[in-house]
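See the structures that follow.
Next, two complexes with chain A in common: one pairs it with chain B, the other with chain C.
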Partner chain A sequence: MIHQFDTVIVGSGGAGLYAALEASERSKTAVLSKLYPIRSHTGAAQGGISAALGNVEEDKAEWHAFDTVKGGDYLVDQAAAKILTEEAIQAVYDLENRGLPFNRTPEGKIDQRRFGGHTRNFGEGPVRRACYAADRTGHMILQTLYQQCIKNEVAFFDEFQVVDLIMTDTTCNGVVAVELATGELHLFAAKAVLFATGGFGRMFKITSNAYANTGDGPAVCARKGIPLMDMEFFQFHPTGIMGLGILISEAVRGEGGILRNRDGHRFMEDYSPTLLDLAPRDIVARSMLTEVRAGKGIRGDRKIDDYLHLDATHLGKETLTTKLPDISSFCQTYLGIDPADSPIPVLPTAHYAMGGIPTDVHGRVICDGQGTIVNGLYAAGECACVSVHGANRLGTNSLLDLVVFGRRAGIHIGDYVKQIDMPQVSAADAADAQSWMARLTDGSPGPHGGRISEEMQTLMMEKVGIYRTASEMAAAVDALQALRERYQTVRVQDSGKQFNTDLLEVIELGNLLDLSLITAASALNRQESRGAHSREDFPERDDDRWLKHTLAQLAGDIVRLSDKPVDTSIWEPKPRTY
Partner chain B sequence: MKIVLKVERFNPESDAAPYYQSYEVDAEPNERLLDALMHVKRFLDGSLGFRKSCAHGVCGSDAMRINGKDGLACKTLIKDVAQEDGDTITVQPLRYLPVQRDLIVDQDAFFKKYRSIKPYLINTTPVDQGERRQSQAERGKFDDTTNCILCASCYSACPVLGENAAFLGPAAIAQAYRFIADTRDEGFADRLPVLDAPDGVWPCQNHFKCTQSCPRSILITKRINQVKRMIEKQRDAGDTPSD
Partner chain C sequence: MKNIDITLKVWRQDGPRDRGRFETYEARNISTDMSFLEMLDVVNEELTLKGEAPIAFDHDCREGICGMCGAVVNGRPHGPERGTTLCQLHMRHFRSGDTIAIEPFRAMAFKVIKDLAVDRSPLDNLIAAGGYISVNTGGAQDANALPVPQENANLAMDAAQCIGCGACVAACPNASAMLFVGAKVSHLALLPQGRPEAAQRAINMVKCMDELGFGNCTNETECEVECPKEISITNIARLNREYLKASLLSPFK
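Moving on, here comes the complex of A and B:
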């Protein structure tokens, strides 16, 4: 079946929905999502969305921009960070006006709390910048935006999974999608396509990410020859529930929670004397691993899965129930403990992709180091790389990224589609997708994807995790190439058409394998330590050689690497201490 | 421990009627039921159909009937539903919604009812100074209802829906309350025709099954009763109530 829309938005998390609100007012728009919109992983975001409102203490967008740049270890494009932090203020007011129930100050204003790496006056000390709705800020953003889309009668195609892009040279003409309910392939001709498909933490064994976070957008782009940017930078969040990876928001530390080792020592005093437990995530995660390796974990056996304690027992029941209710409930459900009485066993968990599809500040996809635009193709949200997060994202800056750049992309698309004609697509444009789906379901004997998925996740966790070395990453690249070969023999067990989730999951596995390979190859290439990328064989940041973005292009079973300059037009890179 | 997962299966493409299939699975008492289902899907039977995403009770994808009670597979631990080696856990799709594949149900009717109550802030007064003010106490009045993840557990748990398929249902009413109890909202009158209809709030008979099933601890029955009282109060007064 062939559909025609001016604008097709792929994904209905915060980024996709915000873009949809803007684009649908200006053009005939369809939103395609493999999940029901309100099931998107934006709904899992807990701690807050940052904006220098100054509701509880003095704050400035400029300080916020500086923190973002320094937090990203100077790999942030600075003009983009300026836009992010300046537009933050109106973006948060806008969410409030649309109905978002923020927690309030005694004067009835939006309340704000502390978060890692957010400081007053260029690093003097923590500042209260994160606007929040208890510990379900993402849930409220997702609900509010979805509610607004209902109000505006946005056209949704729920449970449609996009599997391919339709391109001619450097112009995007639409997408190919599978309708889950019927198994039918649909072609969507569109003047503009926006990818807002979210993160891909499912590359790793221990992650805070949903099953659906498989990086479909970036993987589809990569297979069309579009290079992905800064894929070596993957954030491990310091506090995941031991063994499960379920996130315990940084808001716990923002409200005063403390990380302790087996001696009860607040070890962040030794690593970050000014910001302590509220240092940026890369620093805290590394400090935790260093403690574990020194035998200071709670078990003390120096094993990689030893853990530490997040102590919130002194915060009091009142704070826990009004500001961190979901966290308390996760602890009760999954650990059988009450954080008011016992410390929470935590360990870093794979959390956020700083890298992704390269875009400019209007969400337009860029396909080389010179900034060449792919006509009609846009990306926003976690799958995109603007880059406002550089080598390490600050907490609360992602939700902000979604609303600021989702909105900007939606507006730009609205204007762009007025200038061009509807592209022609035909059934032949689905031929590629059809042929590999036919292979996966041809009924011939072959392994199921389960083992490959397990091996990939373990490999990425162990060899491309928090600390990295050349030999391990090289081994990972080899092993991933072998897994991709084995993937060619995988066959789907489910022979049905309707809701063949088996087939869709095997396709997602293929996406994760491609992104894992690109991540490992990009990481091996970068011979320095910066932000979340820390190499034991190159422990220092090396601005002379590496103050540049990585562009990684997938070409068969190899990854071609090139680079793109970083915009450092406002602040000179400096050593990063907290 | 070893458990038996007894799953109600049905593929409308090929099956004349639903049937049960049992899988033997090794599971830790502290694992989630969803982990056991994923184990089946990955290593025993790729054709088993169910929805899932977040795996920690915040997205609403995997509501199902577990040993006859509605809830989320990812928020149910094995030890909550199986005590000894060899115990059987029975898993069925939610009730009152057509089965599309095994544990996957068609949620269209559920979402249609949700949309019918106009689940968005209605306020046409322009905002001066950036934000609308609201006290923490005012916000507290509807706080629990903002937790809803639209999982439809309450819908399946409701005995009234078994007799009257047209009943608006617990989630939609609780979401109507979420807005009309919000001091910033002005849409009570707009929602009234749907709420104050024969199949609106009135069929609720206070069974409390919805409240017991809700994985987000929403005081659904209480909220339904509050909406009933608001409607009555408004009828008495002949104008829009203040809370």
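Moving on, here comes the complex of A and C:
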């Protein structure tokens, strides 16, 4: 079946819906999503969205921009960070005008709270910058944007999974998608396509990301020869619940929670004597892993899945039930423990992809180090890399990224589609996708994808995780290439066409394998430590050689690496100390 | 940690137009640390190895946020625990030897897609009938110029907690979506930017609810008991007030 729209948005999280909202003001717009829109992962975001409103104390967009650049260990494009933080203010007002129930100050203004890495006056001290709706900020953003898209009569294709792009040379003409309910392939001809497919934490064994976060957008682009940017930078959040990876918010440490090793020792004293448990995420996560490796984890077996204790018992029932009610109920639900009586078993969990599809500040996808544009192709949100997060993202800056750059892309698309004609697509454009799916379901005996997935996730966690060395990563690259070969023999057991979730999972596995390979190869290439990328064999940041973005292009089973300059036009890179 | 053996009676249905039936499966050696969905994963893995079709069920975040999961477990939407989604239900709440019946959310307005997966898109249609604010934010006014008392903000927030899972509909003997609609109408009516359209919104959404085949509210209060976000039925009362005001005063009848 062939459909025609001016604009096709792939993904209905915060980024996709904001873009759809703007694009639909001026063009016939469809949103394709493998999940129901309000189920997208944006709904999981708790902490808040940052904007220098200055409602509770003095604040400036310029300070926010500086924090973003420094937090990203200077790999942030500074003009983009300036746009992000200046447009943040209007973005929050727009959301509120559309009905988002933000928390309020006693005078009725939008309330703001503190979050790691956000400071006043270029690092003098913490500032209240995060606007929030209890611990449901992402959920509220999704609901609000969804309601607005429905109002604008956006056409929603729910449970449609995009598997391929239709391209001629450097122009995008549409996408190919599988409909989950029927198993049929659909072609969508479009003047403009925007990818907003979210993160890909599912590359790793322990992750805070949902099952659907499999990086489909970046993987589809990579297979079309579009290089991915800064893929070696993946953020690990220090406190995931042991075994599950589900997030325990920073707020527990904010209220005085303490990380302890098997001897009950507050080990952060040894790594960050001043900031202790509230040091930046990358630093805490590294310290935790060092403890585990030294046999100081709670089990003490030095294995990658050993854990530590987050001790909140001294805070008392009172504080826990009034200030952290959700955390208490999380612990009851998942662990059957009361954090007032016993410590919470935690370990770092793969959380956020800083890298992704390279774009300019209008969301247009670029395909080389000179900034050449792919006509009609856009990306926004976690799957894109503008780059405003550089080597390490600050908390609350992701939701902001979604609304600011989702909106900018939507506006640009509105202009762009007015200038060009509807491209022609034909059934032949689905041939690649068709033969891929035919192979997976041809009924010949083959292994189940599950084993390969397990191996990939363990490999990435152990060898391309928090600490990295050349030999381990080289081994990972080899092993991933072998897994990609084995993947060619995988077959889907469930041969039914309707609601065949097995088939879609195997397709997602293919995407994750491609992204894992690109990540491992990019990480092996970068011989320095910066932000979330920490190498034991190159422990220092090296601006002379590496103050540049990585571009990694997939070519068969090898990855071609090149680079792209970083915009440092405002602030000169300095050592990152807190 | 310990392991238990349980018997499952699971509703299997190939498609919306097919007849469904209960099938019995034995789940052995299930760790009480597992979640209910992980237990189903284990059962599915065994079914797949035997060459049988796995049980279709919806899920995504598995942390009670996305509203994707949901089934009726021993007669109760999302199972026996209060204020939890199915993905948050743990096997430690069951004992070895238990028999557990698992069925899809049943309502006239929700079609069964396959096994435990149902089509909840009618809830989206309800939103389309008016669950939004139609301001033009072109030259948006500074939101601080619309002060909102924290108390109203809190009530609006509680109403806006809804994750659209549909448990309220499944719990209601009349399969009414009144709690869902009540929550949407309350959330928006409590905020100044949502006030101007409150009347029309209430009327349109209730009308749409009837058209979609949801039943009427007869104050059974089962919805509040089963809502995983514990949304209060006072939101239905607020909806009724808006509706009444609207039908008395509004030009839109």
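What we mean here is this: the second predicted complex is superposed on the first by the 502 of 578 C-alpha atoms of A that agree within 3 Å, B and C clash if a C-alpha of one lies under 4 Å from a C-alpha of the other, contacts with A are read in each partner's own complex, and residues count from 1 in each chain.
Please note the rule applied: contacts are C-beta pairs under 8 Å (C-beta built on N, C-alpha and C of every residue); 3 or more make two chains touch, one makes a residue touch a chain.
Fair warning: this is a prediction, and the values are worked out from it, not measured in the lab.
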Report task. Based on the superposed arrangement around chain A, label chain B with chain C as either clash or fit. Result -> clash
Report task. Identify the partner contact of A:35: answer first if only chain B is touched, second if only chain C is, both if each is, neither if none is. Result -> both
Requested in this report: Would you sort A:98 into first (chain B), second (chain C), both or neither based on which partner it touches?
Outcome: both
Requested in this report: Quick one: classify A:453 as touching chain B (first), chain C (second), both or neither.
Outcome: first
Query - Touching partner for A:150 - first (chain B), second (chain C), both, neither - result: both
Report task. Figure out whether A:498 sits in contact with chain B (first) or chain C (second), or with both, or with neither. Result -> both
Query - Footprint overlap on chain A, where chain B in one structure and chain C in the other make contact - result: 35-36, 38-41, 43-44, 53, 93, 96-99, 101, 103-110, 133-134, 136, 139-140, 143, 147-148, 150-151, 181, 210-212, 246, 329, 333-334, 448, 450, 493-494, 496, 498-499, 501-502
Report summary line: The residues of chain B that touch chain A in their complex are 11-14, 30, 32, 41-43, 45-47, 49-61, 75, 77, 100-101, 104, 107, 111, 115, 118-121, 127, 130-136, 139, 142-143, 146-147, 149-150, 179, 182, 184-185, 217
Query raised in the report: In their complex, what parts of chain A are in touch with chain C?
Result: 35-41, 43-44, 53, 55, 90, 92-94, 96-99, 101-110, 133-134, 136, 139-140, 143, 146-148, 150-151, 156, 158, 181, 210-212, 246, 329, 333-334, 336, 448, 450, 493-494, 496, 498-499, 501-502
Query raised in the report: Touching chain A in the complex: which residues of chain C?
Result: 14-15, 35, 45, 48, 51, 53-54, 56, 59-68, 83-84, 88, 90, 92, 113-114, 117, 120-121, 124, 127-128, 131-135, 137, 140-144, 146-150, 153, 156-157, 160-161, 163-164, 187-188, 190-191, 193-194
Report summary line: Touching chain B in the complex, chain A uses residues 35-36, 38-41, 43-44, 53, 89, 93, 96-99, 101, 103-110, 133-134, 136, 139-140, 143, 147-148, 150-151, 181, 210-212, 244, 246, 326, 329-330, 333-334, 448-450, 453-454, 492-499, 501-502, 505
